[in-house]
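Please find one structure pasted underneath; my questions will follow.
In this document, chain identifiers A, B, C and D correspond to the written order of the chains, with residue numbering beginning at 1 in each.
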Amino acid sequence: MRQFNATVAINRAIAPDWMHMAFEWPSDLPAPKPGQFFTALPPVVELRAGTILRRPFAFAGFEEAQIEKDSSMLSRPAYAHSIYQVRGPGTRALASMQPGSSLDIIAPLGNAFPYPERGERAIIAGGGIGIGPMLFLAEQLGAGTYASSAILVLGFRSALLIPFSGSFSAAGLPSWKKLLEKAFFSTDDGSAGTPGTVRDALEALWLQASDLKGSGTKNLAQKKWHLYGCGPGPMLASLAQFAAQNHMHAHFSAEQWMACGVGACHGCVLPAASGGFLRVCADGPVFDARTINWEANVQ
Amino acid sequence: MRQFNATVAINRAIAPDWMHMAFEWPSDLPAPKPGQFFTALPPVVELRAGTILRRPFAFAGFEEAQIEKDSSMLSRPAYAHSIYQVRGPGTRALASMQPGSSLDIIAPLGNAFPYPERGERAIIAGGGIGIGPMLFLAEQLGAGTYASSAILVLGFRSALLIPFSGSFSAAGLPSWKKLLEKAFFSTDDGSAGTPGTVRDALEALWLQASDLKGSGTKNLAQKKWHLYGCGPGPMLASLAQFAAQNHMHAHFSAEQWMACGVGACHGCVLPAASGGFLRVCADGPVFDARTINWEANVQ
Amino acid sequence: MKNPEQEQSKKNEILAGPPPSVLNLGYDLNLSVRIGSLIMPNPVGVASGTFGYGEEYDELVHIDALGALYTKAVTLEPREGNPPPRLVETPMGLINSIGLANPGVEKFLREKLPSLRTRLCPIIVNVAGSTEDDYIQVIERIEAHLASTDSGRPGIDGYEINVSCPNVQKGGMSFGIDPRLVERLTHSLRQKTSRPLIIKLSPNVTDIAEIARAAEAGGADAISCINTVVGMVIDTEKKKPAIAMGTGGLSGPAIRPIGVAATYKVGKAVRIPVIGLGGITNASDAIQYLLAGALAVQVGTALFSDPRAPLKVLDGIIEWMKRHSVHSVSDIRFMLR
Amino acid sequence: MKNPEQEQSKKNEILAGPPPSVLNLGYDLNLSVRIGSLIMPNPVGVASGTFGYGEEYDELVHIDALGALYTKAVTLEPREGNPPPRLVETPMGLINSIGLANPGVEKFLREKLPSLRTRLCPIIVNVAGSTEDDYIQVIERIEAHLASTDSGRPGIDGYEINVSCPNVQKGGMSFGIDPRLVERLTHSLRQKTSRPLIIKLSPNVTDIAEIARAAEAGGADAISCINTVVGMVIDTEKKKPAIAMGTGGLSGPAIRPIGVAATYKVGKAVRIPVIGLGGITNASDAIQYLLAGALAVQVGTALFSDPRAPLKVLDGIIEWMKRHSVHSVSDIRFMLR
């Protein structure tokens, strides 16, 4: 964990109100892991915004530094990537930043997604802007087509909102493009993939897997699912139920208003399943789905 | 008086920390007069500035709209000009605005300098950033060399701070350049013109005028002075004393923190010479020097 | 003496219709709110001391469309106010120390009332004083004047009593901190007028609900909540207070959470309407106050950054009501979950 | 029982030197301030509840260089705190409703004290409770523990008593609003410890000076001024309070003018030192508090935007002292013109 001034390298629209930002990563700082997040403090805000808090964002990707073959010099610094939605003054301020400008960052923060256990198949489910950390995780776990071990399931309100696809959308990381090509989709309006929610898409896949048991792809189909999720509160509550019903491991990345971001203020808590509260920034943001009372957090 | 969104046409440095701004003026709004001011609300501020008030600035010049010969179409809009010093968050925000962007303006506000009476010679004294309205007035009164009726006397801390002169300084209005060529100067450090304050420069001119009485330029020298002033509080207090001692008419433009800028809140008052208080925004900003207790305002 | 109730109902006829900005919307929204015998055409007024007596803003604001105009304070004698500097900006706030500068009730009636009579929006006169008798005399004088002049419009539709003034008889402590004083003052003024009587509370107390209940017990028609919060800024270069009087009154967005909390507390404590204010700059801010229990709101400091703020607030409330299918603005105060 | 005075003077020897950031300046500035028997190496501490027990900020802040670390509140029993949401941002402010979540005094002594003992800066334990007895027991328990463990550093150099907590025996009204309760509580605690006893006042009262005088009369060594201001935000889309408990405590730059005014008032009312806080983000803010009469300051909410804020504040105070030729930081409180 460190506070540093990062140079913004990329900051461009990838879907309506969605931006892709990349910034230089200090060469001597451990690389961020999927699930971890950073907090940013943009230098300029609109008049009367009156914001004072840093804003937390999940990492959506990381590119290692490249080192010259013959020397130990960096030929290109490392870059951290994030996908964010423009919602209020903080993200509007972020969206107005030009490449080359400097951004106050504290990172890496929080814990990361655990690897699936032996014999587990990673099912990675992202909803809305929650896809950022899911892309990062899917990349690391080598998610691919249905035949591969890990698969990615993404939910959107409509096909038009899928990033990198619209005509005005800039390209993101090459790995994201590949992942999106192989991903399963759900859309609320049915304009792409399974009509309905991410859970609906998962239910469909689950049925398919059961059907396949005993068939040729038995091996794969029989693997236990390990569900990874990030998205809006109601989605996580629904996925937690799905995971519990089907007795699968599940880890979700949660969100909550934050102040310190490092575990000191106890402001960012969620209700724990066993009573009491857990801090999203320091005990999470990744939680074993069974440890949080997700229902209580959906209002 | 109107509130409008003005397009910024010019916004560039003319001396260390000094900027020249011009913005488009609505074709159907009466032109501002020397002494009048506007208030501006920049759209974006630095983080944690927390400013909410509009910022007042004097007009430093005005260019009429140009109309096509053959039609009644505007070939160029009217422009209002101002010179401002970057001091705090409001002026920093203003200084960061790009030409072409939009600025919330209320104008024209306050009263204007009265014309000199018959037989009066206009002596126009500006100190520091107070030169803005003085340039505007000097242009309207046709200030020129010592032989002309109106003359301009400007005080700075040092020659290096005289606008448009340093190597990095952008040019301002052509009329300003002409006025500055003919102006008398004082500098605190003696690096240009009379060493000392604006008052010292005026005393020198005053002696010169007395010496000339009865000589060839008698006519001009015998004219009564009408002193116009704008600058820091101590300068105005000193000029008020000078004007009183020498029994001359004097009008000064004053400054005070403002909230409403239109006379409603009574926040921007100065102590009146006759007791009570006067509002800078609505009773001024131009006052007959005898009506204000300038000493009481210098702390 | 003429019957102010009658006068009022005459005026209500004129005012009861929706304000200009709503007329052409074609929606059937009820924006009017009732304070005592007065019906305000919409809930958005401009706060005392920030709008003068109206004239200064004539070229910038469509004054007739306001829910109400709360005048700058009127005192018995003319007041020159405090020495400058009187203002200093704070983070999202403003401290003022105007010192109730005003021409006094006689000059007010002579010079300000005629223009107020020409307004189509309700006019609430803000009254201040240093003794109970000061307040009483101001209202007596105004009532006598209104009774003696025969004119279609009274130009004064109610009173807002500023009890935050230092009470000279009680060693400079403000009236507004003592429930007994507030009840007595309200009771005395109640005898003098049947026009709406609004008590404006100071937030600088341990228990604002107690003061509100005292005002209600004294016969007030409504509570305005809140006046400014005591604050101070020190100029660290000059090593002295930024405003001449040392401390002053903090207003603006910085105090909005304090105002909303106070409104919520007062709304639960009394049955008379609450008028919420403090830091309102946009519709969402105003709706916070309405949801907290206010029947109407006032916009003050926000005028200084944008004179259009009050009517933008009104438009935003209308938009919100349509989106949330709320028919009557006076229902919002019961909608907090 | 060991003699805490003696322990303290041992620790003062270690601490009395200038902090790291000053060591290499080559200037002869006296930054230390005395609170009771404790000498703080510089006047800039971190505020209770915003810095945990230190560990969380280890990688971001040079904790040893702080003037003091005021811990998160410690209560007799463990507390889980309030349901979320607990935070909401306001214009230049933050409302929190943490509900004193903490592990309780036993676990604090077992799990938090060892790391506090490793700090070179003074540690002030913030104590909260629902009854007078709660406070007494926390301090008795800590004193007993310190007396029984033999270690070079006590790890606890004083107490800051948070009297803003709701008092369950008095129907939930806070201790801090009643001067008699504050005096009695202070007096009781004074019997239990000779370490510095700092009473932290709530600004949500009519007369904060009266409460400060009560704390002084009860034997307090210093006053911390101010705790958070009651505030509320309503989510106008969900039509419910933004934080689960309804109202919460407002902090940050928005309340700074309120804190400075309170510090000024309290500074004039008592002879014991005042520790100023509320909205300090930079050196100029801190110097406002010092000029208003504070001997030391605390930085709270500003940590959340920039963990470097406290040490930047300290550097800025040093720069200001040099520019204004002030030798000793404790002289600043007498310099207001």
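To be clear about the criterion, a residue touches a chain if its C-beta (ideal position, glycine included) is under 8 Å from a C-beta of that chain, and two chains touch if they have at least 3 such contacts.
By chain, UniProt protein names: C, D = Dihydroorotate dehydrogenase.
Every value quoted in this text rests on a predicted model; they were computed, and no experiment measured them.
Between chain A and chain D (Dihydroorotate dehydrogenase), which partner chains are common?
Per touch definition, common to chain A and chain D (Dihydroorotate dehydrogenase): B, C.
Starting from the mean Cα coordinates of chain A and chain C (Dihydroorotate dehydrogenase), work out the distance between those two points in Å.
49
Report the inter-chain centroid distance for chain A and chain B in whole angstrom, where each centroid is the mean of the CA atoms.
The computed centroid separation for chain A versus chain B comes out at 56 Å.
Please work out the Cα centroid separation of chain C (Dihydroorotate dehydrogenase) and chain D (Dihydroorotate dehydrogenase), and write it as a whole number of Å.
Their C-alpha centroids are separated by 38 Å.
Can you pull out the residues of chain C (Dihydroorotate dehydrogenase) that are in contact with at least two other chains?
90-93, 238, 240, 252-254, 305, in rising order.
Return the residues of chain B touching two or more other chains; collapse runs of consecutive numbers into ranges.
41, 48, 50-52
By the document's touch definition, which label belongs to this structure's chain graph: line, ring, star, complete, or other?
Contact pattern: complete, every chain touching every other.
Touching residues of chain B toward chain C (Dihydroorotate dehydrogenase) in the complex: what are they?
Residues 1-3, 41, 48, 50-54, 104, 106, 256-271, 275-277, 282, 296-297, 299.
For chain B, which residues count as touching chain A in their complex?
It is residues 41-48, 50-52, 93, 96 of chain B that touch chain A.
State the interface residues of chain A toward chain C (Dihydroorotate dehydrogenase) in the complex, per the touch definition above.
Residues 48, 50 of chain A touch chain C (Dihydroorotate dehydrogenase) in their complex.
Within the complex, which stretch of chain D (Dihydroorotate dehydrogenase) touches chain B?
91-92, 253, 281, 305
Using the touch rule from the top, collect the residues of chain C (Dihydroorotate dehydrogenase) that touch chain D (Dihydroorotate dehydrogenase) in their complex.
Its residues touching chain D (Dihydroorotate dehydrogenase) are 90-93, 95, 177, 204-206, 229-234, 236, 238-241, 246-247, 250, 252-258, 260-261, 264, 279, 284, 287-288, 291-292, 320, 324, 335-337.
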